[in-house]
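Handing you a structure now.
As written, the chains take the letters A, B, C and D, and residue 1 is the first residue of each chain.
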């Protein structure tokens, strides 16, 4: 009897990239719900425009290279990029900026380098950083969240989100409803020589775990991240290192001068901390390779974010921290090759 | 006693062992014909010493060798050599020169086959030579000549004989069956091997999912009352049975990448090899048969069979109830490292521990795999038992970057297949590495040839220069002498 | 001390000569294909920058200013830098001919690396003392070297990437450099408060 | 601007130039350049056929020419594109196609002597750059296949054209030599 032949191994686990990507999307769900409850439906609008743009850009790039686009569109990776970008941008952003950022993320961040698996930088962070340096005003305008103040209702937030999405001038009707995020307000306040306790005593910053709105989103992202860890999609090295790199220096600085240095709780539950630690920094394509390299990589992100939050020109430093460590990844990899069995260290 | 440490990673796989292991070992009746491949799995062949038409008995030497990587072959049948020709064989490339022997129905045993009177009276060197003459080779899957290993273990002063009864690969259970049914043989063979290797200790490593084998071996050891003989239970983690990995698990020492197990003070032999040594000692029998697992969803009644070397795999499958369903692959070995064969006419080799007849149920995951780009997730490096970075190696292999391949350890890869197994992008990494290794070896051979050519060229250039200088000097000395004023001839002329 | 540290951080990271001020792009693109070459270039530039900073300060402080020849500074500095670069080249050729071959034209071109002249002129403009000049020069060189090495390892990885045909080589290198500059914008305003 | 100032300026610049020049000359005389190590590394990448197709009398002279910049890296047909790529990588230059003026790459080949026709004239022996032909006058010659580089230099001297080049016999390459003594 004749048989076909094929190389060993003859069996595989059958665990696929699409399954990884859709698990990541699933894990983003709690943070998404928190976001929508607190800031209105803006996230959903941003998510839809980002997803559509991302899929179109991916298809266009692959078509242009004469490749089959179908598997790439189905694998969900581009939707993860779109979702992470949608989470990072303010919910009031005009739709064309969201579309522009996503297109840049997919094309400039990924396809210029050869597509999935080849990009040295995290595509979502490329899109976000370009938008942030190009449209600083639009990119720092957030609605006042629901959990403090109570000055507005969810339907009002919804109307505001749609108006912002279509690019209407929000200052006419909603001046005072929109403004900076908590980190932004703290930064400005400290710049005006207020002390941290004074700022936190003000109604527009404090909330659960110290910061309004974002604390809940961070908590939900933490839950989603822990879920990914239980599913072994994310291993502990990067999240732990990111949080360590951020929290250890903030703990020390807060201990030295609690008047101006943000404490670890505040750092952990404000801005993009948890989203970065569990979802953005853990993007394997742009992260370091070995476990030891991943610890350096994560710690670098946390530390740079802390430096930028403390002394920098931007309220939240995570996007730049991720990009800066992305560009150091090949360098880190060069010096953190694990020891091969039987070789001298 | 439990294992002390472990190698870098590994993974627990579906064992698929219950299919074949329930029943006792079946003895196959002597087949009508056998085809003995000159290469029995080590990659190197012996030389035939019989001609077509020669009459042979059971145990007659049919192929011999002085080469340390090949092993002698003996006829498992009494009958006639009918052909020596290239045919399908379970070796790399799928074909090998085979000695085909047809049975005449008798069970006449060759006169040279006599029980070894007293193996304990032989020196380790004599023992080793006798084992080499008996064609004893690793029955665990490598087919490597046992005598060669014993000699190098003695040279390097290995103190521990490690008997490998881990049998980590899915589907395979022939060693398990052997340990349960012939534990005393294994121990007897182990004692002979220990003496031949010059070792003092003997450790038998068995995975913890084989309680019956552990009990049988422990019992056999107790009957021996030898304090330097013991069973170590190791975790059932693939690839626990890989030589280097098992040594690390049992002793906590790593074998140097460019060295031999003996450099870590260990010589490793399979339990089935030990049982074969015991058969040789009690009956004088060279390796004429082995126990092989015939299993898979494509076989009607999976079982373990003791069959003569050279038996056609089709005969083995028939003895296991024949094919069932739609067999898609015929695999010599397990599903992780086994070699898929093109034909069931190939003969059983000393190295073949399993015949896996796989249907879609067994190998569908691989058949249906769609290769996607690597996302550098690192799952592969988390399971690699050699501590490699397969995702980096993969890029180096695609770019054919030789320095990177060497540095990242393409030669340290043990072909276990785990990186393929876990890869979410379903990339056939192991095969890419095998391929990269082949190209790297070819490139290095070319470079070596160039270096040799350069050396010869430089020698030649120097030689020519020296010759030229010598000629020049000779010429000048002649001329100088011609111009000597006091020279008779010159004086005469002037 | 703190001021020197801030000066060093500023010159190496925040106002990185390559990625923030876009000085010295020529060797940045030209010598970033192989790590060995880039490491050599980084060291050579660090050496030249430090020595040239010190010497140019000395020349300025003790020759040009006393003689009232401030207007000659560009000429004199270039001459000085050329001399230092030439000395570096002699050193490199003697110690590592392969590195000399790898660096090729880019080694003498350190002379025209605007970062070097830039550092010398900035030292004068900002009225740095000798120690400050040396620290400024060395940290500018270190920042250049860091950016160059990071960029080189990135490019080495891109060598094995499936980059679209149209972007192979220089285009993708420039895009990468651009994204690196984008990342370094994160340091913008650092220490402004 | 008065003439004095111009004079001082010229003087300063000239003094600086002279100082630097003397210092550099002194430094250069102290430090010996080491050219050989580069030639070695280039030579190691060449195929060592010693065929002379690059118009240098062997691989090492060609390596020296590359090192000194006298020759481009595209002159070695036996090495083919692989050698050009390796050289380009070593020297950090752009790979370029082989220059057809120096011949076209061929598959690996070895010389073979037709012993029926060979008259034992021994003229091919000195032609072989790597001593791969054995023989003596009026004895049959033969080529040591494993040592032949396929350079073709033995062809011209042969008076009866009994040497031909054949493709290198296929060698089965085992990917891992068993590690045993």
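Just so we're on the same page, a residue touches a chain if its C-beta (ideal position, glycine included) is under 8 Å from a C-beta of that chain, and two chains touch if they have at least 3 such contacts.
Fair warning: this is a prediction, and the values are worked out from it, not measured in the lab.
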Checklist outcome for this item: Sorting chain pairs by contact number gives first A-B
Checklist entry - Quick one: most central chain, C-alpha centroids? => result B
Checklist entry - Whole-Å distance, chain A centre to chain B centre, using C-alpha means? => result 51
Item to check | Intercentroid distance (Cα basis), chain C paired with chain B, Å | outcome: 57
Next on the checklist: For chain B versus chain D, what separation do you get between their C-alpha means, in angstrom?
Outcome noted: 41
Item to check | Inter-centroid spacing, chain D versus chain C (mean Cα positions, whole Å) | outcome: 37
Next on the checklist: Show the residues in chain C shared as contacts by 2 or more other chains, in ascending order.
Outcome noted: 162
Checklist entry - chain B: which residues touch two or more other chains? => result 258-259, 373, 434
Checklist entry - In chain D, what residues contact two or more other chains? => result none
Checklist entry - What are all the touching pairs of chains? => result A-B, A-C, B-C, B-D, C-D
Checklist entry - Which residues of chain D touch chain B in the complex? => result 43-44, 46-50, 58-60, 129-132, 146-147, 149, 171-176, 178-181
Item to check | Residues on chain A engaged by chain B in the complex (per definition of touch) | outcome: 1-17, 19-20, 71, 75, 77, 115-118, 235, 284-285, 287, 289-290, 333, 337-343
Next on the checklist: Looking at the complex, which residues from chain D come into contact with chain C?
Outcome noted: 5, 8-9, 12-13, 16-17, 20, 23-24, 27-28, 31-35, 37-38, 41, 67, 89-92
Checklist outcome for this item: Seen from chain B, its contact residues with chain C in the complex are 373, 395-396, 398-399, 401
Item to check | chain C residues touching chain D - in the complex, by the definition given at the top | outcome: 31, 33-34, 37, 59, 63-64, 67-69, 72, 75-76, 79-80, 82-83, 86-87, 90-91, 93-98, 100-102, 104
